[in-house]
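First the structure, in the form of structure tokens, and then the observations on it.
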Amino acid sequence: LGTALGAESRYPQVGRDATPKELAAWDIDVRPDFKGLPKGQGSVQRGMDVWEGKCASCHGVFGESNEVFSPLIGGTTKNDVATGRVARLMDAGFPGRTTLMKVPTVSTLWDYINRAMPWTQPKSLSTDEVYAVTAYLLNMADVVPADFTLSHDNIGQVQARMPNRNGMSTDHGLWPGKGMGNGGKPDVKARACMKDCVPGVALASALPDFARNAHGNLAEQNRSVGAQHGADTTQAPRT
Amino acid sequence: LGTALGAESRYPQVGRDATPKELAAWDIDVRPDFKGLPKGQGSVQRGMDVWEGKCASCHGVFGESNEVFSPLIGGTTKNDVATGRVARLMDAGFPGRTTLMKVPTVSTLWDYINRAMPWTQPKSLSTDEVYAVTAYLLNMADVVPADFTLSHDNIGQVQARMPNRNGMSTDHGLWPGKGMGNGGKPDVKARACMKDCVPGVALASALPDFARNAHGNLAEQNRSVGAQHGADTTQAPRT
Amino acid sequence: TAAAPAALAQANPVGAEGGDPNILTLPEHSKGLGQAVATDGYGRPSKYEANVQRRPSPGLTQTSQASVSFAPLQSLFGIVTPSGLHFERHHQGWWDIDPSKHRLMLNGSEASLMKRPMVFTMDELMRLPSVSRFHFIECGANTGMEWGNVAVPTCQYTHGMLSCSEFTGVPLKLLLDMAGVDYKRARYVLGEGADGSSMTRTVPMELVESGEVIVAYGQNGEMLRPENGYPLRLVVPGVQGVSWVKYLRRIEVGDQPYGTKDEAIHYVDLMPDGKHRQYSSIQECKSVVTTPSGGQVLLDKGYYNVSGLAWSGRGKVKRVDVSVDGGRNWRTARLEGPVMSKCLTRFNIDWVWDGKPALVQSRAMDDTGYVQPSFQQLRAVRGTRSIYHNNAIQTWLVQESGEVKNVQLA
Amino acid sequence: TAAAPAALAQANPVGAEGGDPNILTLPEHSKGLGQAVATDGYGRPSKYEANVQRRPSPGLTQTSQASVSFAPLQSLFGIVTPSGLHFERHHQGWWDIDPSKHRLMLNGSEASLMKRPMVFTMDELMRLPSVSRFHFIECGANTGMEWGNVAVPTCQYTHGMLSCSEFTGVPLKLLLDMAGVDYKRARYVLGEGADGSSMTRTVPMELVESGEVIVAYGQNGEMLRPENGYPLRLVVPGVQGVSWVKYLRRIEVGDQPYGTKDEAIHYVDLMPDGKHRQYSSIQECKSVVTTPSGGQVLLDKGYYNVSGLAWSGRGKVKRVDVSVDGGRNWRTARLEGPVMSKCLTRFNIDWVWDGKPALVQSRAMDDTGYVQPSFQQLRAVRGTRSIYHNNAIQTWLVQESGEVKNVQLA
């Protein structure tokens, strides 16, 4: 591994050039700056057909279903579209988070639908169908009007209306590279006290007794020998 | 692990005393100095009955069979009984080695038959049966006469007639303790030459082509991907 | 499939006959002939180990192909996770892919970033220089159910999206060198899978340049298991599991991050101010006591070996302290060797249980000096809605009855 | 059970359509939904790995319960042996013992050598302080068929009575301390199994005192496999496998060695003078190239990563040299970390095969300075009838056809 030879010639007979056709077949990713986005277009109207034919059964007619996954649509407002911050994310009391509440980048939606949806038939949509159904989702979220046609030309403008486009931060220490973040500085700082570290101890939260069997009988989830055995959670707690 | 407390009190509630009955049930080993040997006796005559009833089916009537295991008896001479060295072990041309050619200690035979034989019903023999069948084996090897009765009293004298009793050495470096051996000194010494280490290279031995499939088709003994694949040994070698 | 619940009496009685019948009456296996070699050309655990299984957490996900199964940490020893018990996280189900048809492609987001886009077969990848290294993999969402309060009963469910293996494969750097990457401009690497989700994740070029990122085919001496990406997965030490792309089919280098679904919608950490942290990747220093742990019962007072696991996505574990009084006082545990970077470390410490309630905790420290925080310390900065990267100190309450409960302290 | 022989063409063709059909036509798994989590609560290898099995060597033994199955070293990576592929050596067959009924007894050959003979349940042993350590286990008879000449085709059969695991258990010293052993007089330790053979072997107290000998229940994160002694076995690092008593039921301490069947009739090494070496236990420094190795075919010239395993029963591997010209010239290989005492070490080295015949060898050195000998050097001292402790340098002949053959040099 430490020779001075160029890597290209160091491993003769191993690997070959990728062909343009091969690259076209697999290089499908679409970045936030839309690098990789194929040309095409799709209207909200056509998107509705795609949606109702291929998506609604799982995600609900309005993208509201949480039957197979959490809801895609909901929780965003016209004001969010204006500010680029989803206000309800600031409300700790608001239950759940929909996809549209979180996603900052429209490229992410396009790329993911293109590669992975419909769930049971990923990569079966045409490029125009992906544009269309993305448009339909954005329309349900009030990001684009009902008569909108999404295309490679105008998707940049749509980006400027994404409800949570300003909702992301990379100002943290968890990116292991230099390009983003604070360079790896931890946000939480603890110290390793050894003696008399806390004045008193009180329980804040514990698994309630009625839930003790909710994950099945724990006696059956520990081996039959050992320093400890599993509690028989079909019975009331031992006293 | 590093406290000053006595080990007995360091692990409270773990383990208990073994009882005398328990020790008697499991402490069955018999050492070369006959420590552990229970009192009892058995004649060659009785041993023949045990042998023919419980042993001969596997080991042959004369302990000569190699159907389920290598022969027990054979290859020792009256002279070996006198010298305590099995002469044929010095003859590199003599094929195979029987149990009696190797075993230096009669305790080993007694202990092993007692703990492990008959193979499908180990520990089913009575103490006297073990004495008897051991006597019978020793008689087949001309160590004791046909009218001999082996017992805890005379087994020490029998030890003095074991054909290979002087055939063992612990003068080597492979015992990882101080009680025996040369203290760990290797007998074979090589050095790590790096350049022009041997003048020429010639094959001394190679697997003959006719045997290439003797271990099955090697193509089926290597995974289907890899730097190399398995050779199809149902076919003649590639040329 | 699970064995019947074990009898709870932990005891070692002498018995009326003056000895344990299990000793006095020799067992069948001492008096008979056992089974042949190669009865199983590929063996299985004892039938008495049937309780040791990976398991989904009831109600956690709506479907079973976009879901998780948790490794039974309460029953594991040392640091190696048996591959059959490795935790699972699938987004569109798992596959058993024919390795002779699997390909790896390398390309640039634009032509100028890679001189020579390449294609490799598995045969070819396995001809290249390989490295073998022990690393933990932890899902970014591990312990995610516990941000607000106690939610699940055992360490299988609290911490079981964690496993550790010896991985073998080719350093990604070596492949990128072969392809002639412009390292000045190409600072981001995209890994892409071949499954339905064709999972994509952005990895920083710095990590690749360090030599740590591996294109792996081997796991614990054999090939990766299908559930873990057979025949090829990306190994990104110290980084959350979602980046360890399974069924790896493609590596792209680029000059910008990719904002993929799992970097823009999931695996983004919601902070109290309503902003999400994006590209949060490192798994910070963390530990958990696995014995005794939630759902277990101590059947006797006396000596116990308290044992657990510690790890850090930033390097080596330096020290682990254990408290049995809810964090008031701590003692330093023994670390089992080898202590390796971005790898699980097993710790052990003596404890004599006096039968009174006890609050058992562990606190790990890594070689950057970082100390695992309490729930209070973590929440003070990050609130309770993050889902990801919960590395708070775990507390187990040993009750007077001997039953151990998952609790959080005020 | 084995998969069909693999097509031999190792290639990466572009294809007539301007691309590999395996790329241009997306595979089923990229276009569908896969299987659910916990489809197997305890997973298995890919179906494409069916060729990777432990196997007996045809004709080696007359019965299959007093026999051996060999680990497929040619297909393994790194140093951990998957427990399902661990080599087997049974003397009276293997058993799946109920661990709740298994007991360990400690006693002295006479009362004065141990204050307090003891009995432990598995529950109790698992409460005690545990250690977890990586060690190899090698049968003393490994490579025994090759003393005189080449006998078997692949490294599975030449070297496959070798495996390596992370073992977890209680140091035997700790148990003996509890029982109050008279270490002055009790210099020998007998381990005894609970199977039909009730295998017994003598171990020196020095090794026990070093803390290295473990009463182990864990192997690679889970319990020992039944074939490897479930629920308890003795781990005697550096010493031949036969001493690692399986189904361990009893430990006796004594003032003399025990001369057991496998120390007086087998595992005794016949020297040229007709004497047998008795109590030869240590597995000396040894290595083998596992890729490429016997029975394999190189399908193309060009670059290959030569990889193999090295180990020493006396300590750590210090260096491994590799020759491709039958020992004339040597280059030093890279060692994968961690390099641990009495543990396998994986080595790798670059090789560009020019298509001409090549003789591939490896030579290991340990930290005592001991150098693995050639067959000539070994035979000059020990002759060819020893059966045990053959640690000679292995030679693989890569023929022009690409086929690799097991050979020995003059």
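Letters are used for the chains, namely A, B, C and D, taken in the order the chains are written, and counting of residues starts over at 1 for each.
The rule we apply is simple: a residue touches a chain if its C-beta (ideal position, glycine included) is under 8 Å from a C-beta of that chain, and two chains touch if they have at least 3 such contacts.
All values derive from a computational prediction rather than experimental measurement.
Engineer: Go through the assembly and pull out the chains touching subunit A as well as subunit D.
Structural biologist: Under the touch definition, subunit A and subunit D have C as mutual neighbours.
Engineer: Of the chain pairs B-D and B-C, which one is connected by the greater count of C-beta contacts?
Structural biologist: Answer by contact count: B-D.
Engineer: Centre-to-centre on C-alpha atoms, which chain is most distant from subunit C?
Structural biologist: Here the answer is chain B, farthest from subunit C.
Engineer: Round to the nearest whole Å and give the separation of the Cα centres of subunit C and subunit D.
Structural biologist: 27
Engineer: What is the distance, in whole Å, between the centres of subunit A and subunit C, each centre taken as the mean of its C-alpha atoms?
Structural biologist: 21
Engineer: Could you give the separation in Å between the centres of subunit B and subunit C, each centre being the mean of its C-alpha atoms?
Structural biologist: Result: the chain centres lie 45 Å from each other.
Engineer: Residues of subunit C touching 2+ other chains?
Structural biologist: 6, 10, 12, 20, 23, 30-33, 48-49, 52-53, 55, 75, 92, 99-100, 105, 119-121, 123-124, 127-129, 196, 198, 223, 231, 249, 299, 302-305, 350
Engineer: Provide the list of subunit A residues touching at least two other chains, using ranges where the numbers run on.
Structural biologist: If we look for residues of subunit A contacting two or more partner chains, we find 1, 10-11, 14-16, 22, 26, 119, 122-123, 223-227, 229.
Engineer: Determine the shape of the graph in which chains are vertices and touching pairs are edges (line, ring, star, complete, other).
Structural biologist: It is other, because the touches fit no line, ring, star or complete pattern.
Engineer: Please list, in label order, each pair of chains that touches.
Structural biologist: Chain-chain contacts present: A-C, A-D, B-C, B-D, C-D.
Engineer: Help me check something: in the complex, which residues belonging to subunit C touch subunit B?
Structural biologist: 12, 14, 17-20, 23-24, 26, 30-33, 99-100, 121-123, 126-127, 223, 231, 300-303, 334, 350, 352
Engineer: Which bits of subunit D are touching subunit C when the two form their complex?
Structural biologist: Answer in residue numbers: 1, 6-7, 10-12, 20, 22-23, 27, 29-49, 52-56, 64-65, 67-69, 75-86, 88-90, 92-103, 105, 119-121, 123-124, 127-134, 166-168, 194-196, 198, 217-218, 220-223, 225-227, 230-231, 247, 249, 299, 302-305, 307, 336-338, 340, 346, 348, 350.
Engineer: Quick one: which bits of subunit A touch subunit C in the complex? Just the residue numbers, please.
Structural biologist: Against subunit C, subunit A makes touches at 1, 7-8, 10-11, 14-18, 22-23, 26-29, 31-33, 35-36, 66-69, 85-87, 89-92, 97, 99, 102-105, 107-108, 111-112, 115-116, 119, 122-123, 164, 167-181, 184, 186-198, 201-207, 211-212, 214-234, 237-239.
Engineer: Given the complex with subunit C, which residues does subunit B contribute to the contact?
Structural biologist: Residues 1, 3, 10-16, 19-22, 25-26, 119-124, 223-227, 229.
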